[in-house]
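There are two complexes below, and they share subunit A, which is joined by subunit B in the first and by subunit C in the second.
And then the complex of A and B:
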């Protein structure tokens, strides 16, 4: 993983939803629509739906008071790639990616890069995905890490 | 998400057909259904051809069920026709752990062969 997801970028779409599993489908629909809007192929759109779902699920299940919390998805696109930030409204103690849980393995596989950042009052999972996966980078790629 | 169960007592086989999205919102229903069916049969097939989405929470429930089936001496297979569903299984290397096919008949045959 490199520092690509850490570069500043301005979101074009922001979606804030209650921190409830009920709204995962909403986030997946918005993700698919945005990715489709820039002409991403169907397999990449499916990967992005999974990536957003996995990031949101980790945050929602880790929140101490999910009923009083929200999660926000921010999307930034170019003609060739999509960047996503998923952030909880309160800090979440996530299992480190190095522990190799299914969610991290899947997120690593379906994104080109991902990053985890602990902010003072929030936890952020960022990832990006190009329209076409670089040659030789289908399946398992690098191991993500947690940055404080 | 909807779940239907077809059992053939003479074969000791149950086929659980899942339709819809399997995520954190719906996964408890899948866990509950598999938990009820698994102890009643030797072999179990979960037909995911009607599933439009599955994430790691769904995969986790399938793996947990697989462990229970194996403890009881049985075998478990998955029917997966959609590439994006198979991909979630593949990136976790679980396509090497489950008996997987893209048609029910294929999985039934593979399970039978695994028992020979």
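And then the complex of A and C:
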């Protein structure tokens, strides 16, 4: 985690929503739709919904003036992976992932890589997730759910 | 930020105690209890992410705490990762499995069909009463569900067809979908007691314990367990019933002691 994938990518879909919990549904549905568009398995889509929810919730609850703010979600896909960037319209003070906050633990669990960046006028959380779990590990790595 | 964090040092100390020193059953239960209390907020946090699908949060938290017990058993101190980082995907995996096996395999296809029908009926009734078409939110409110569920139901109307419970899964001679239904016997105990179940399970003979694990942790059907162990399904049923009675007795003792 926290390595920052470096290479720039251009979003295919950009969604800006008011900084309100009410619009989490919108973001989750859009995420699910984009992920299903590249044929991601339901389990991965589930993870991505959770990831988007978690990242947006951190930004929204952390914004000082949420009523006047927005958050923007950007999505980029290849045939094998999805990249997501969520950014608040104003900076948000977040505890660093190394402090072990629940939201970061969850984001770490559901993404292949994630990163948080403080920009001059915004806070950005980005993550990516491959479409296919490694062979023999249906669902999620590390949980050993495959049946013999 | 109001996001909590787990006391890692204490967690590590407890895990080392549990994994290396092999404390007796009473100490073990006390350590598990403390470990459970330390992780309950994280488990609840994860469960809340899944709580908008019409399943009560308490049910999900029980699934989550059962996953916690599994995670403690499977956790390997030598891997050098945080227990919380190991626990979280375990909990999510179990929640997904819960939705898939307990709601997905049975309820979702049928449930979404039903919801789709209910949405249609409610829309018609609303139109009749209010002389206008309802919002998704209004329909959701009337049906006691969420906007997202209604949207999913609308989406799902195109995507799903109802699955028959007699539909074979895993090959033409395999068990049928109905076998994956939960048994009517369930371990209706509170979260603390679920945690106390670990020592009780350990006291069981190996085969009985394995059957319980396969049934309730792995979610296998009785038929699958019977095939796997080379015994009859009736036998599995009897063993399960007897073992659950033993466990209930033990848990009653825990509850009253």
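Annotations for the structure displayed:
Throughout what follows, the second predicted complex is superposed on the first by the 129 of 148 C-alpha atoms of A that agree within 3 Å, B and C clash if a C-alpha of one lies under 4 Å from a C-alpha of the other, contacts with A are read in each partner's own complex, and residues count from 1 in each chain.
Note that a residue touches a chain if its C-beta (ideal position, glycine included) is under 8 Å from a C-beta of that chain, and two chains touch if they have at least 3 such contacts.
Since we're looking at a predicted model, the values are computed, not measured.
Of the two partner chains placed around the shared chain by superposition, subunit B and subunit C are both touched by A:106.
When both complexes are overlaid on chain A, the residue A:60 reaches subunit B alone and has no touch with subunit C.
In the superposition on chain A, contact is made by A:93 with subunit C only, not with subunit B. By the touch criterion stated above, A:21 is placed in contact with subunit B alone, subunit C being left untouched.
The larger set of touched subunit A residues comes from C, when the choice is between subunit B and subunit C. Contacts of A:124 after superposition on the shared chain: neither subunit B nor subunit C is touched. Judged by the touch definition given at the top, the superposed model places A:85 against neither subunit B nor subunit C.
Residues 25, 28, 43, 46-47, 50, 53-54, 61, 101-103, 105-106, 109-110, 139-140 of subunit A lie at the contact with subunit B in one complex and at the contact with subunit C in the other. For subunit A in complex with subunit B, the residues that touch the partner chain are 21-22, 24-25, 28, 43, 46-47, 49-50, 53-54, 57, 60-61, 101-103, 105-106, 109-110, 139-140. Those residues of subunit B whose C-beta lies close enough to touch subunit A in the complex are 21, 23-25, 53, 55-57, 59-60, 83-84, 87-88, 90-92.
The part of subunit A that touches subunit C in the complex is made up of residues 25, 28-29, 43, 46-47, 50, 53-54, 58, 61-62, 93-95, 99-106, 108-110, 139-145, 147.
Those residues of subunit C that touch subunit A in the shared complex are 1-6, 8, 41-42, 45-46, 49-50, 74, 82, 84-86, 88-90, 92-93, 96-97, 146-148, 151, 218, 220.
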